[in-house]
Amino acid sequence: MSSHPDVRAIVERVRKDEIGGAADTAKEVVDALSKMVRDSKAKNTKALVAEIDGAVLDIMRVMPSLAPPINALHRFVGTMERGEADGVSVEQMKEALQQSRDQFFEWAENALGKVAQYGAEKVSEGDRVFMYSMSSTVWRIFRAAKEQGKQFEVVVTESRPGNEGLWTVKEMDKLGIPVSVSIDAAIGELIPECSAVFVGADVISSTGHALCKAGTYPSALVAKAYGIPFYIAADTLKFDTATLFGLPYRNEAIHRHDVLDDSYPDRAKVVGHLFDETPPELVTAIVTEIGILHPAAAFAVLQRMNPSRKIGEMLPAWSRGEL
Amino acid sequence: MSSHPDVRAIVERVRKDEIGGAADTAKEVVDALSKMVRDSKAKNTKALVAEIDGAVLDIMRVMPSLAPPINALHRFVGTMERGEADGVSVEQMKEALQQSRDQFFEWAENALGKVAQYGAEKVSEGDRVFMYSMSSTVWRIFRAAKEQGKQFEVVVTESRPGNEGLWTVKEMDKLGIPVSVSIDAAIGELIPECSAVFVGADVISSTGHALCKAGTYPSALVAKAYGIPFYIAADTLKFDTATLFGLPYRNEAIHRHDVLDDSYPDRAKVVGHLFDETPPELVTAIVTEIGILHPAAAFAVLQRMNPSRKIGEMLPAWSRGEL
Amino acid sequence: MSSHPDVRAIVERVRKDEIGGAADTAKEVVDALSKMVRDSKAKNTKALVAEIDGAVLDIMRVMPSLAPPINALHRFVGTMERGEADGVSVEQMKEALQQSRDQFFEWAENALGKVAQYGAEKVSEGDRVFMYSMSSTVWRIFRAAKEQGKQFEVVVTESRPGNEGLWTVKEMDKLGIPVSVSIDAAIGELIPECSAVFVGADVISSTGHALCKAGTYPSALVAKAYGIPFYIAADTLKFDTATLFGLPYRNEAIHRHDVLDDSYPDRAKVVGHLFDETPPELVTAIVTEIGILHPAAAFAVLQRMNPSRKIGEMLPAWSRGEL
Amino acid sequence: MSSHPDVRAIVERVRKDEIGGAADTAKEVVDALSKMVRDSKAKNTKALVAEIDGAVLDIMRVMPSLAPPINALHRFVGTMERGEADGVSVEQMKEALQQSRDQFFEWAENALGKVAQYGAEKVSEGDRVFMYSMSSTVWRIFRAAKEQGKQFEVVVTESRPGNEGLWTVKEMDKLGIPVSVSIDAAIGELIPECSAVFVGADVISSTGHALCKAGTYPSALVAKAYGIPFYIAADTLKFDTATLFGLPYRNEAIHRHDVLDDSYPDRAKVVGHLFDETPPELVTAIVTEIGILHPAAAFAVLQRMNPSRKIGEMLPAWSRGEL
Amino acid sequence: MSSHPDVRAIVERVRKDEIGGAADTAKEVVDALSKMVRDSKAKNTKALVAEIDGAVLDIMRVMPSLAPPINALHRFVGTMERGEADGVSVEQMKEALQQSRDQFFEWAENALGKVAQYGAEKVSEGDRVFMYSMSSTVWRIFRAAKEQGKQFEVVVTESRPGNEGLWTVKEMDKLGIPVSVSIDAAIGELIPECSAVFVGADVISSTGHALCKAGTYPSALVAKAYGIPFYIAADTLKFDTATLFGLPYRNEAIHRHDVLDDSYPDRAKVVGHLFDETPPELVTAIVTEIGILHPAAAFAVLQRMNPSRKIGEMLPAWSRGEL
Amino acid sequence: MSSHPDVRAIVERVRKDEIGGAADTAKEVVDALSKMVRDSKAKNTKALVAEIDGAVLDIMRVMPSLAPPINALHRFVGTMERGEADGVSVEQMKEALQQSRDQFFEWAENALGKVAQYGAEKVSEGDRVFMYSMSSTVWRIFRAAKEQGKQFEVVVTESRPGNEGLWTVKEMDKLGIPVSVSIDAAIGELIPECSAVFVGADVISSTGHALCKAGTYPSALVAKAYGIPFYIAADTLKFDTATLFGLPYRNEAIHRHDVLDDSYPDRAKVVGHLFDETPPELVTAIVTEIGILHPAAAFAVLQRMNPSRKIGEMLPAWSRGEL
């Protein structure tokens, strides 16, 4: 275990699942590593690399299947690998990694703004748009559209068991956007009355499949049956390099107490997971910070990413929990 | 308003929505009318007919869009119309109507048994079958399959807002059938893991569209995407003669308090209805007491019914609430 | 050739294609035959039957593939056949045929009214409905909906080459129904903005395929892609008994001068026909006078018709132009 | 076991699977029963009925899942049941059953001729039609089309493991119809080059699903993908009343020695059955002797059949092999 | 407003819509800018850049939504931006831009030739190919196929309201290619009889949606229903960088006088636009000068283009007409 | 004809179709060329290039449509072209080409291993996977999955006429993987009972269409109808640069004697080819050594390949057999 306090802290928080959104976790991971690098006493590049390798291993061992922090590690470790390949000095390496951290933070600030800007173009005056569950990225799109002076309304459903849809109700109301809400089972009635569907995603795979909040896939089927555009808002941190290598997404099971109280016998089981998978043929476009694209082009997005070799080699064992 | 106490009672109970299932209401309506006929002091057929016409009008004025009691009225009034056409005496008419009531009760007892028997053939040893919400007809199918000695398990979801799916959990458990439950939004994950889907219906239209509990239509889309058989269990009382004439089904809105508590502003609306519509191309078969058939054959079923002329003529005004 | 002047007249008019709509032709054919029967000097049933058989043959020899007059002949000749089978006297036969004629006229008057009444239920307040080309049956539906006090608008396209869509523009305007018009090629943009599509049909086959004005089939594809209900308005005279036996519909080629003027060389060909075929899976319902039904139920409709044996036996040779 | 030699003979031949086509078996069954009736010494109707009941039970106990002989029994036993209900004398019953036998034979002779006549209308001059495997009914269609003077060619595939497709090659060649043949796996290339597909069926279910030679279902998928009409030729004897009650078709497993020789280890299994199921949405029409119809209308066909009550009650136990 | 006469001229011509095809406009824009650069008196790079920026703004302010001239500006301004970044002298900048102009002209000459060459491979001996409306790019494909000695024929429809399809008739006739023509509404009959469909496009979006002449989308639906290959011919100038950022295509409304003459009341509206949108799942391939590709790969094409930063920043305001 | 013995040998072997798999042929071609280069007496780069050009032409003249050897030539000749462009000496060129050969061999060794590794992730414990025909690449996937300790079984069909499926039976049995086999026509029954389908491919086109063993396309239709993942295993050597330019794949006709013996008349033709084409919308993913991707991303894969200019220019004439 790395001895640097920031690295230990983030490892602990990830292990205990005390982290917030995936994008915030990505930033925290990079920040902790960059602080460790800053404070490192390593005399030469090799020693520094060994220190970083150790910390990265500590982090990966506890990391669940969240594309953003893993993509952030690709960037950070990739910078390190290029430094190694170029034979840079330990000072140069420290500077390069500090710069990598700063650029990542700047990039992340810009990316969501661009997704919001591009996505807002898909909201038109007078629209009634459907949103499944919650997604701060989609909220930003709606806020941007609202700031452009467009009048539109939002329909959402509860998104059981977490009821994140009710969070969307409050958020839209704060933004002054008229909002309606219903039960998840009403998607078959409500989506055909809307002009577009917007959802956020947790992961976009290399084949353009999207892992989103459970209920998204049936929503996409309804949208397809009625020719209604279905947009996924996701910056490219959500594109998962691990899927290139066939690695599965991890998915969390629904908790028993979210469905059944104690009056039900143990032999009645609670099944299902919190996320489901939407195939590319049901999706009109993914809105990313590098543009609006077809899900089948996910491979072209991942090719731009220059994944780190070391992270790549860790992934198979990581995906089997054997790291 | 008819002065017969049984007729007045059923009219009051329907008006106040104190009725149980649609099939039970059908029986109560016919029973009340047959008692009024039994007790009638009418001196001639014409007078008796006038009395019945009045009572039927009282009942129809309060009747919501439930196919079974309306179909029961078609039968009962149809018998009366044939008697009129044949110029029968008042005694003959009374006897014919009493017989009609008895035959209807006997028919209803048999019909559900046959649906259960035929439907049970579609459950196979080792199956994992998905059921949406609850339906006492589907429960009978599962009970019949269980009684045939078949081992199988049932997957159901909550069916918000009424949580009738949890009722299914308890019922299956009582029958000794292993049962699993999840959130409604998990249908996209769960149905592909099952071998068949069974649902009940409230109404089958003349074009084979089915009005079922909200969430059934998205379930049918998922089943179609995975080639999984989708069965609707419905005796022919559920086939709605009013739809032949283009009349819409009535559908109940979801109650605000079922979705939002008082912490939400009034301007956040609750939308959606308790039922949705599943088109015939998504349904493998409807299991009825006259056999298992394709939904597109609904017209052939309705043709067998000899609808009453008087009821038919009431329906347009009834559907507009102008009776 | 029959010597009765009314029969000769209708034969001539059909031969020269001076007839109006298919439904009017059906009435004229039956009327001419009933007049011939009325004036007949036949001494016995056999002689009368021979006279009728001859006149029917004269008519069928010139009749194009129009289901309504052929169905009308099924009715009229069927009455005659039942009379023959029952061994009725010549007077009884005359009376039965006169009655058959009167019932047919009364039926025809009622049928279109019922189609209009049932179809109007599918037009809702605030709708924007698409209509392809023209159809007096669909016009009656819209008039009925308007008379119910519903506000709605109609979108239509030109329907080249005859521009019958412009006729619809004038007709809707007369009825006070707001109307918009565009080119036929704009169906891909316009239908998705509408709430339902209504078309008339020339023929409904025994398998539920509909022969309608060219452009209907692509319109149905667009409607399906957007989940928009697609209604065909057609009384049961349009259901074609000849298709039961595999006989094809006849279809008229587009005239060269409707597309190309004389500046084009002869080697540039004009192709295509005035009607195209819409398969049952693209149609939500057919609105008939006996109710609204799924196209796949066409066989059940044809089974009600008791087709005449003699007409049935003529059809194969007739369809090959060898009668 | 019935003591009548003809009944014993047919029972033995069915038990040993020495029967020919399903239609021939139907005739043999009816013929044996009618001979038993003719020779019966029964003194009264009740005794005769008991004798027949016993023989029918003997036959049903050995009968595999072939709709035609079971439908023939429905007819024959149905006649007997009507006689019982009408209280006829033993002589009248004998005569009625003899007549029933004769009518069935006459009907069967006519039915295939009509299927051929109607189906031949769907073959056009210059066509290239695809036929899967063999079917004497489809062969009759092609012969009828040829006799009408149409020039067309037939494409067929082997239809492993029985290679019945090669039988079609020889049969077409005898008829002077140009024929091409390929492997079953080539359907994806060959069907798109054809103008229509014709297949025979073993069973049509009450929901319009067809049990046909294995390979038919993938052929129907290819035809659908290319908009090519897909016709099933089947007289109404093939419509299976047992499926109304949910009873499954029986299907024969492929024999090990048809796929693997002795050089393969026993642990390599041979799987699959000789028939597969084609759903109604892939089929353009079924060509029957009562007309060409949509598969979803199968229920309307079965409703015409007046199934025998006694046979109907035997079917559930029969389908479980417990009769 | 730029004072250079060539720039003023092209701005005026674009403003008055006196321009020809989009590709020619692209060339004229680049040519005018390169002449302005050649004639510029700017003393330093900064001054030259300011001059160009002004002229580009003038042009963009009047430019309708045509991808080719905007893409040409991306190239030209991108060269300028790279010069700025590299700190080149004003002479070097002038030379670089002159070279950029020349390379663009050479590229444009080659690109259409390659599209023709690659597309011609998709036309086979004996084919009957359908072409919607007109497209000089598709004409070049057919000319190339003809020059390879292939015999084939072309089917086209009028393409109301401009009747550009008749232009295709004349052009094909000049090339000696047999041609047939019909009404636009006949696509449902004609496309299934063809072996492939070819259309030109005005814009290809970043998600692979194509903006083509109205009627193309229904044609693509028909082609899909019959498994017929659907090719779009479009060099990469048609790939629209603005769509990456969510910007809509502009589309021209159909003129009232193209549909209705003065005999129609003003309250009858003419609706619809000259172009419609075809989604990627209906298109077999786009034929470009860099190869034949799937529409979903449009993002990979746009990534090759190195769009200019300045043009990119102008696009949002431009798309709202607020530049 | 090149005089180098290794080149002559491979040209002869390709001409006589004595080659093994496409991947082995690719290696042999590159090896022969590298030996010719090694042994060359050329005094300068130009002479060496001329020698290589000649040998490449010899090889291409006999080469059938196999993407791997042509892609290998792209690599080798591309290296030569870059050397020419850089003006390298003849010694440098020889060294560069030797290195190119070695890298290609190393790459080829690694690529299949990665495809196996990534593909194995798509096989899960307890799976029943369907494989069509044989493919050594798919076998490697199954071996890798087995080596990971997963228990699963394989279902395959014969794959007439070559019966390569039986080869798979033996191979799986050797690997200790339970295997079942059936006839090709049983895919409609067997694929729906499996959890995934794996096939190899001969060619992947630039639009993502795959040329695979005949029967693959119908298998993909069945998989799609049941929502079953369909994977193609293919390293990027199988991605065909010729298809970028519209060039067709060559395909081999089925041999007469594989279907008919001598008892059939010559006028009965054998038709069909050994491979069929599967469109991208039926394929879940292609498993390549650079990752798992959507077929529509094939263009992005081909863009990475830097095809050789000279080979590219040869392809049109080569595809017409006119080289």
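By written order: A, B, C, D, E and F. Residues from 1 in each chain.
By our rule, a residue touches a chain if its C-beta (ideal position, glycine included) is under 8 Å from a C-beta of that chain, and two chains touch if they have at least 3 such contacts.
Please read all numbers here as calculations on a predicted model, not as lab measurements.
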Where each step is a move between two chains that touch, what is the least number of such steps from chain C to chain F? 2
Contacting chain A as well as chain E are chains C, F
Between chain F and chain D, is it the same set of residue numbers doing the touching on each side, over half shared, or a different set? same
Per the centroid of Cα atoms for each chain, what is the distance between chain A and chain D, given in Å? 58
From the C-alpha centre of chain A to that of chain F, how far is it in Å? 37
Using the average of all C-alpha atoms in each chain as its centre, how far is it in Å between chain C and chain E? 45
Give the residues of chain B touching no fewer than two other chains, as numbers and ranges. 225, 280-281, 294-297, 300
Please categorise the chain-chain contact pattern as a line, ring, star, complete graph or other. other
Which two-chain combinations touch? A-B, A-C, A-E, A-F, B-C, B-D, B-F, C-D, C-E, D-E, D-F, E-F
Would you mind writing out the residues of chain D in touch with chain C in their complex? 117-122, 280-281, 284-285, 287, 290-297, 300-301, 304
Which stretch or stretches of chain D touch chain E in the complex? 192, 225-227
Flag every residue of chain B that touches chain A in the complex, lowest number first. 155, 158-161, 166, 169-170, 172-173, 178-190, 213-219, 221-222, 225, 254, 258-260, 264-265, 267-273, 276-277
In the complex of these two chains, what residues of chain D are touching chain B? 206-208, 243-248, 279-281, 294-300, 302-303, 316, 319
